[in-house]
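Read from first to last, the chains carry the letters A, B, C and D; within each, the first residue is number 1.
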Amino acid sequence: MYSFACDYLEGCHEEVLKALCQTNLEQTPGYGADRFTKAATEKIRQLCRDDAAAVYFVNGGTQANQLVIDTMLQPYEGVVAAQSGHVNVHEAGAIEFSGHKVLAIPSARHDGKLAAADADAFVKAFYADPNHEHMVFPGMVYISHPTEYGTLYTAQELRELSAVCRRHHMSLYLDGARLVYGLAAYGTDVTLSLLDELCDVFYIGGTKAGALNGEAIVFPRGAEPPHFLTRIKQHGALSAKGRLIGTQFAALLENDLYFRIGRHAIDMAREIRKIFQDAGCRFYLDSPTNQQFVILENESLRKLSAWVGFEFWEPYDAAHAVVRFASSWATTPAGIAELRKAVALCLPRK
Amino acid sequence: MYSFACDYLEGCHEEVLKALCQTNLEQTPGYGADRFTKAATEKIRQLCRDDAAAVYFVNGGTQANQLVIDTMLQPYEGVVAAQSGHVNVHEAGAIEFSGHKVLAIPSARHDGKLAAADADAFVKAFYADPNHEHMVFPGMVYISHPTEYGTLYTAQELRELSAVCRRHHMSLYLDGARLVYGLAAYGTDVTLSLLDELCDVFYIGGTKAGALNGEAIVFPRGAEPPHFLTRIKQHGALSAKGRLIGTQFAALLENDLYFRIGRHAIDMAREIRKIFQDAGCRFYLDSPTNQQFVILENESLRKLSAWVGFEFWEPYDAAHAVVRFASSWATTPAGIAELRKAVALCLPRK
Amino acid sequence: MYSFACDYLEGCHEEVLKALCQTNLEQTPGYGADRFTKAATEKIRQLCRDDAAAVYFVNGGTQANQLVIDTMLQPYEGVVAAQSGHVNVHEAGAIEFSGHKVLAIPSARHDGKLAAADADAFVKAFYADPNHEHMVFPGMVYISHPTEYGTLYTAQELRELSAVCRRHHMSLYLDGARLVYGLAAYGTDVTLSLLDELCDVFYIGGTKAGALNGEAIVFPRGAEPPHFLTRIKQHGALSAKGRLIGTQFAALLENDLYFRIGRHAIDMAREIRKIFQDAGCRFYLDSPTNQQFVILENESLRKLSAWVGFEFWEPYDAAHAVVRFASSWATTPAGIAELRKAVALCLPRK
Amino acid sequence: MYSFACDYLEGCHEEVLKALCQTNLEQTPGYGADRFTKAATEKIRQLCRDDAAAVYFVNGGTQANQLVIDTMLQPYEGVVAAQSGHVNVHEAGAIEFSGHKVLAIPSARHDGKLAAADADAFVKAFYADPNHEHMVFPGMVYISHPTEYGTLYTAQELRELSAVCRRHHMSLYLDGARLVYGLAAYGTDVTLSLLDELCDVFYIGGTKAGALNGEAIVFPRGAEPPHFLTRIKQHGALSAKGRLIGTQFAALLENDLYFRIGRHAIDMAREIRKIFQDAGCRFYLDSPTNQQFVILENESLRKLSAWVGFEFWEPYDAAHAVVRFASSWATTPAGIAELRKAVALCLPRK
């Protein structure tokens, strides 16, 4: 049964695998001092148009989030995030494990985005409170792009968030677990070099973008926390064979592979979207990226799940639920065809 | 200028001071093994009608909260609290410092109370979420009584909260920083022995109840975390001269002093309330305890602050603010008279 | 039975108690903003000859150590200490609880002191190690003065330690739980103003020096960690009634009381020393301060413990043990007389 | 230039790579729920002769150590280790980061092993200390096998350590980063099923044993900490594509590959050993595993480093240093030949 349950169902892109095979027996030093990691770093600098960018590679997203937030914050600071932010909900308390509070901002909107105005109001209220020295200082704004709901910030929205952060001496951190699908979306005006300009730190996701594992943390203009390698080790996040991730990123960033991967997934997501639109389904929100959130009747959901894989997201009302279909670099036209057939079979004609 | 800014403006009740003076030169062992601490423990057991209650004394409320929450929770668990709960807002991240997330429940109501139904719904939604193993487990419910807004739970409400906790294998923790003013309120049906029955741990505040410092943590039926003394030390919370707090609690709990202190403050709070009612003021909410939250016009607030001390709480609207007047064991009739005069002078006649 | 088991057996010096009584009902703001705390701060600045010294008061020694070490270190740094240092042995892991390693230096000597040369060699070896980025950086040197064995550094030894610290960009922290007995020792050339000159932070103990509780943390020249009040709160160490400790330190530092207390204890310790010398006992080491470590035959120890209180320290050999007799501000001539009688009764004539 | 600097210089064994290639596009669920991870788990259970063993896969050794130690210890407990233990020296404070103290036992011997008698004496002294409630409780014994110096425990020594642990209610944890080279050593009587019998937890290293990354944590008889998956996530150690490590371990444990890898490295290490023996060199100690510690004259060291890669370990005396030559699954006869030539060229004839 073909599955759209998430975007990390397969191994890695064949170009990535080829690179691993070709370099496998070369001897290299450990801990990221190898030539592949250096090459990957260089390519990221070029894409970011930032020769001084400091780049570090870690295994996964929660690890990147814990490490970045803990090392960029002062110990008396917390991280401002949308209530629905991954760090607030789905990381098993990894941020608090390292001693920091997530300052969650309830958003009236269900699109997972944190508005600059909301962040600004929160921080202003904090400093206006005469008791704020008894409270957790807001030291960073965390956003994900695409968000947990597949939505995207515009360049203008990012500029505003960045301005709020700079005004209040907070850092801006962008979680790019699915950044590949954000950069490749139709109509977006966000680029890597814009992120490098506006953020204090961000990561470029590899695990969901064609790699077996790995995320690239970027500190624009070289502004990394002191002794960052030691901090990585202290967090249990330093790979002996740093080459594993370095080689994969070097391959991903060669010949535009990374962007081709993203565009492929976006096009597949459009196919998914069209299938459900044609079936008369509503969407939970309008996502321009690889995750599509469809509202299904409970009975249709039950039927469909026998034919194709997807993820239950949350109840919508008594009779409906939100489900997620995710495309990825690996989604095949054959998979899309199976989905089309299954939907025709299981969903009522409208 | 007489102040009602908070309930910890003076030193300690004269009976408490007398006890310190009378026992001052007696030699006792350290770390809470002295006879005064034992006497205080015994009195608390009697009041709780629980011969097996384990009792420990620490210096302050944030310390008690950090210590209790950290030691009662498993490392993968967080504490459920009202959004306005002290542990969520005003403890500078002391809970997260010890590695635990505060699972804040936004309350529609502004009275600071956590409804059993809201806690129940939160926990049910947690376990219903197929991804809950990637989330922080709810391991405890934290409430304050009186709340940060001076409001009180009824015995029935506490029973419901306790039932929710037991159903979901969470502990129930009651922060009693101002418990003295809750127990002494008119019309309450909550008693120490009820708390002992319903809670897994609670603390009886001393600092705001006539002591120089000190809070008594009570583990009903002896169900304390293993090696709790070592954990107290590990948190930097173990007093070499444990007698300081032990002696004070022994004095407070002698001859009903603790309850007389509470009733005095309640009566003084009623005087405060009447003064503002007579002046035609509105109240932010109806508080039966020692804290009164009055809505003042900004201009009245400005004028009044030249004559009497009180605490700005939060803006109400463009023209008004909420301010707090707190009575305590130490509030004097002369202070009340000053307040009456100041209000007559500064507030517009209605 | 009179006890010499430790130096925190009694309450507080009568002058301290008088100050608490006299100021008891005065209304003051909380959290250390009261006039007594300010007065105590001012006196400490004068004694340190440092108008800019930042001074904070906390409840106890372990709390002070955890707070200072955690806030002065970077998160990737540990604290260098003698193997026998209090922070390495007797604080239930309070330092590690806040995330830092104690880098214990085994000392060949049994006197509890950390030699500058040993600290220097340790740090040099660290930086010489090609893998030191995988290790905990030495960020601070911790010493206690007097040490856990009652011994004292000379001004010259402190100068050398300070020079090592400055050379290697480490801070120097002096734990002064019993500082009063170090400053009052005969023959010492260490003064408060010297400590202010050489240390980056130190604390002046109150609990063992005539106060009910309280330690004064001093950051010379105002070089305190940022948002230190918030960090105190985060550690659960901020007192609502800051006046309790402020008032006591103000009284201790009035009219040379603090130094008179120290000298009294030293003189009493000399009496203790003489009693055991006259009885032909050996000493574990030569302590010029209030703690005397006597080597007793096991049988003598057993007998003596029926007549006078003291503390078993550690086994010496199969037939002997080290025991501690501590004098304090509260030791009375009558107590000394009891000890003399008990020793005459229980120890074999030599 | 051929390098013997460490045992993680190359990618992975070709059989492992083949398995990754063959399964690459198969869709599997994430977080270790895939069939490859299940197969690897099953094979480990068989080798351990323990059907109930709980097995989890993480990325690296420091991560495994931090995770296991933090989750197996109570919060008031520390881990007993040899002074030279990896967790005490070369993990950048990762253990303390999670709140636990390493209770380092200085060993008179330089072989990196922790003697059962030394552990026993340490724990007995702890419980005999009347102040032990103010100290960190010993909750676990950590050993590495092979040790950091390549030495091995005998079955008898492990039995004694296990007995000490059980007597004192401590868990026994064996760090098997290089376990493959321990199991394959000539003359050892230690097997996986013995480890399963004697340890409470151990890990089987993959990174240094032919995998790109990954370590398999084994809890014998299913005695894993509660909610261990959540704890892995909380530590930032949960892989979205758990299949990456699962597939590799499944391949390593197929057809005895793992043991063949180990034996190959041992045989290569013997060649290395013979080369230096023939050149008249002394060894720092007698290592039966893949790491050989040779004592070189400083001048020889300098010369040799131009011809072949190895690791400076530590100074030996003014004229000599200890250097490490490591073989691995990947060491080639051609590499050995280069070493032989280089030694002949650079070292003085004896």
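As a working rule, a contact is a pair of C-beta atoms (placed from the backbone, for glycine too) under 8 Å apart; a residue touches a chain by one contact, two chains touch by 3 or more.
If you're wondering where the values come from, they're calculated on a predicted model, not measured in any experiment.
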item: Taking each chain's C-alpha mean as its centre, the one farthest from subunit B; value: D
item: Self-contact between copies subunit A and subunit B, residue sets same or different by half; value: same
item: Distance between chain centroids, defined by C-alpha means - subunit A, subunit D (Å); value: 34
item: Distance from the mean Cα position of subunit D to that of subunit C, given in whole angstrom; value: 42
item: Whole-Å gap between the CA centroids of subunit B and subunit D; value: 51
item: Multi-chain contact residues (two or more partners), subunit B; value: 76, 91-93, 97, 99, 133-135, 230-231, 233-234, 238
item: Subunit C-facing residues of subunit D, complex; value: 76, 78, 89-93, 96-97, 99-102, 104, 106, 130-131, 133-136, 312
item: Residues on subunit B engaged by subunit C in the complex (per definition of touch); value: 2-3, 5-6, 8-12, 14, 17, 20-21, 23-30, 59-63, 65-67, 91-94, 97-98, 207-208, 212-213, 230-231, 233-241, 243-244, 309, 330
item: List of subunit A residues in touch with subunit C within their complex; value: 70-71, 74-76, 99, 133-135, 137, 226-227, 229-231, 233-234, 238
